[in-house]
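Multiple structures are listed underneath, in structure tokens.
In what follows, chain A forms one complex with chain B and a second complex with chain C.
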Partner chain A sequence: MKVNKISIEEEIIRLLKKESHSFLSGQALSKTFGLSRTAIWKYINSIKEMGYSIAASPAKGYRLNLQNLPFTVLEISSNLKTAFIGKNISFYKEIDSTNEAAREFASKGAAEGFAVVADFQKKGKGRLGRRWESPAGVNIYTSIVLRPNIMPVFAPQLTLVAAVAVAETIARFLNNGSGYKPEPAVKWPNDILINSKKVAGILTEMNSEMDRINFVVIGVGVNVNMTKEMFSEGLEFIATSLKQEGGKEISRTAFIQLLYLNMEKWYAQYLKGGFEPVRKAWTSFFHMAGKTVKVQQTGKIMQGIAVGIDNDGALLLREKSGNIARILSGDVEM
Partner chain B sequence: MDFKEIEDIVKFIENTDIVEFELERPNGKVRIKRSIGRPDIVETRPVVVTPSFIAAPEQKAEEQKTEKAAEKLKQITSPMVGTFYRAPSPETQPFAEVGNTVKKGQIVCIIEAMKLMNEIESELDGKIVSILIENGQPVEYGEPLFVVEIA
Partner chain C sequence: MKVNKISIEEEIIRLLKKESHSFLSGQALSKTFGLSRTAIWKYINSIKEMGYSIAASPAKGYRLNLQNLPFTVLEISSNLKTAFIGKNISFYKEIDSTNEAAREFASKGAAEGFAVVADFQKKGKGRLGRRWESPAGVNIYTSIVLRPNIMPVFAPQLTLVAAVAVAETIARFLNNGSGYKPEPAVKWPNDILINSKKVAGILTEMNSEMDRINFVVIGVGVNVNMTKEMFSEGLEFIATSLKQEGGKEISRTAFIQLLYLNMEKWYAQYLKGGFEPVRKAWTSFFHMAGKTVKVQQTGKIMQGIAVGIDNDGALLLREKSGNIARILSGDVEM
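Moving on, here comes the complex of A and B:
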């Protein structure tokens, strides 16, 4: 049987994790794999290049630092508790846009749940060609392919399904047991804010026919460990990160694992139980109800009091005249 | 292009929400613009009217031909309620202009609802003869967005 290089590396990582309380000798490793100690040393170097931090001592061997594991497919996949979301991941050190890549994969037949993850996005994008700031090494950029068997007219509700999953995941990581607990809030339709600053964005793209969805790509960007200095000029006043708000460094691996799990849970709930449970959960994160908001649309600004969302997920806005406007797109500002 | 053909086009447009329409043929060009109700022809040039002294059979062939002309016009409609965008961002060129040829599967516009961006593809090869909605305007389910003349 031909053993490929990746599987030996994966196996070494697995053994190092098991023995992380002490050193694992090079001799033991070379015996296990039937390889020379030089060959093992080469594999260790290649594992280090993957981002793992390994202490090496000529006398004692190798020891993996569990506190500083890299953000890799291998790490994400171990302990991932989902049935389909993220079971197949395409990971990039750098990419133009995870949404673009996921769409490309989807149009070539990628299955439901397929995900693209990147450490850095060169052209991270938001709504209508806007930029999503995507520095390396600190945040989550992932796009998930879904193929729901629903009519395209209902698909916009999926953006609120995603918002609930992201908000729930963020709430979990901000709740670290200390007294101060910042809370995530949704801004219609699906930005996630903490203390009125944007911490996560969701961009959903669909390819459909009149009566059939070919695929939906849900792109999620979360500012996890980004520091103030990393934002471009001025953006730090309107954007933030989980680390800035919660005060703690958060494992991106743990975050994305729970994100995928929550996404799968709410997606399944939506397909099975319809929009109402999603609407309820979404509303629990909506802190703008009763407040005066502005909605910026192409060439037009509307003002009124945010009432909530209707059974389709549209924003209801009570205008001065008393008329309730139903908003399907636009930027909502307080 | 004769008056019968134009009449067919007008009849075709009558049952749609088309507000502006342009069709170019080797033998002439017609542009129709209307606000509401019946379309009025504001400009036609140069319309060649074929003399038709000859009797029935020939006439019938002519009718069939013009019916075919109307059959060649197909609409691209919206699969959902939302906002119509002609370009991926306000700074970029529209996906398609009147007169452009489009291939099946080519993106012609985006419909957005609740930050779900639906890239609408042409379902056929042809030429865009009319764009029916203005950028940034709301559209209904099934509302026609483009008229395409099949290649």
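Moving on, here comes the complex of A and C:
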């Protein structure tokens, strides 16, 4: 398990943040840390390599640009308001898949709330083995280990718990100041849409015995600042990003902090109060209710009016015959 | 993945088996394989080290004792009548846990039917993290990888599919010739008993997405030739072995071959015909039906009359009130 040890770099970053209204002299830093000015200069360079933007003046010293902080464990951890989700993070500049890494950590005993975060996924995974577009530097790819004391049969509800947390987080960041505020919508079972285009997805994987969950990994991918050009050809018609819809660049650090907090809130609510409050919140984001949809399942296509979800989290579809079908799996299309 | 490559040792064993009615001369073996008699002698020694009992006479040659064949991949594979279960076996003289190994193989892509077999488990696992007594040289510990195209919610039924296969296999070997034939009974959800004592257990583990099973590992432990003295103190009162109950030593090779065949038969039946035929077969082994049982669940104890299992594989319990409770998890006691 990765331990986030506090380094001199981190201490310097903290000081620079506190003093970011003006320059902090090399001399003051030397004195604080009992290091030579050359040593301080080396640490500053190493901090710059971490992605921090620091103005340096031989006369005045160093000044951190707070407007342009990098996406790092240090930034995510500072001011993170959660009790357990994201308190331990394994961060990767690049990785095959955060879900795969989280599963490995979980198999080796990672505690509830342990999270994997990556800047870039080489083999980002969507549902049913599909690809999840995962360019570097713009989006959020994170996988969280949970160890709920529930029966495996209830695990699919956790995807909906996560969907509510993701939709709520997205809603908080979608305000472009023009008075127009696009709204996130959930698509059963695991996507979040804005204006009918996919902006986030959830991939829940479970390791269980017959009557006990060993662990669940909840993977969340959010297209945050991705531009149209970054999508593979054709995907731009069915996928979008928060920046494209809201018009503003969004801090990935601020987003993931709120995401973890909302995840923790809804997960606790679910464990304590059961699925009903989650079902209600999910339904408030379910804009497909009352609309005619097609459900593709292996070997058959069903059509009907989307009614909502039941107590198990299954999609309810009113067929022409009036019969209500419970959908446990499949792809839903408008 | 381990590949079972055919070695000169295996070829010699085949010949010795064919000629086991009499001695096979070193000279004949020399000629067949184009090897010196010293080379043949070395191979014979290596075969003896594999556990084969071979009589050697300078004048007459070599003769294999067919009554005392070792428990090896070679023996299991020869005359194995299955189409896929056990066609690829990874065999260990000792291992931590066959389920753990099978899960690792499955994660790396092991095909359906791949099996792990061990002579001795250092950390044999029972249900809910409990220990499974696993001494060397006497029992069967095997774990099979399955990749059923069913929804994860149905996976618990596979434990019952396996239970039927194990019970059927045990029934075939329980005949001590005295006219008295003890019968195996299933105990919900995952044990097989003889005369109310545990003789076999099943540990099913699953790796799944919300609407897809990646793989299932079915672990089976059978106390075959274990003697009373081999049990940890006290366990001998609640556990037994086929030899203790039937009075006869049983070939582990013959047992595992029939076990794999029955597993394959019932698994195919389940995939094709659904759970109902399995439920019926399971019920025929369910001797607790109609008896009063106690079910221990986390935080509560229920009491009632065991009725049977329903279409999902849940245990049905008629409570005092007349209400039928569906039990999804817990420990059942008479």
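Just so it is clear, the second predicted complex is superposed on the first by the 324 of 334 C-alpha atoms of A that agree within 3 Å, B and C clash if a C-alpha of one lies under 4 Å from a C-alpha of the other, contacts with A are read in each partner's own complex, and residues count from 1 in each chain.
As a working rule, contacts are C-beta pairs under 8 Å (C-beta built on N, C-alpha and C of every residue); 3 or more make two chains touch, one makes a residue touch a chain.
This one's a predicted model, so the numbers in the text were calculated from it and none came from an experiment.
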item	value
Chain C versus chain B on the shared chain A, clash or fit after superposition	clash
Which of chain B and chain C A:P58 touches, first, second, both or neither	neither
Partner chain(s) touched by A:M210 [first = chain B, second = chain C, both, neither]	both
Which superposed partner A:G234 touches (first chain B, second chain C, both, neither)	neither
Which of chain B and chain C A:A155 touches, first, second, both or neither	both
Contacts of A:R130 with chain B and chain C, given as first, second, both or neither	first
Partner chain(s) touched by A:G34 [first = chain B, second = chain C, both, neither]	neither
Touched chain A residues, chain B compared with chain C	B
Partner chain(s) touched by A:S329 [first = chain B, second = chain C, both, neither]	both
Those residues of chain A which chain B touches in one complex and chain C touches in the other	127-128, 152-153, 155-156, 159, 189-190, 203-211, 298, 328-329
Complex interface listing, chain A residues touching chain B	127-130, 152-153, 155-160, 189-190, 202-211, 216, 297-300, 313-314, 328-329
List of chain B residues in touch with chain A within their complex	77, 79-83, 85, 88-92, 112-119, 121, 123, 135-138, 141-142
Interface residues, chain C side, partner chain A - complex	127-128, 149, 151-153, 155-156, 159, 189-190, 203-212, 214, 298, 328-330
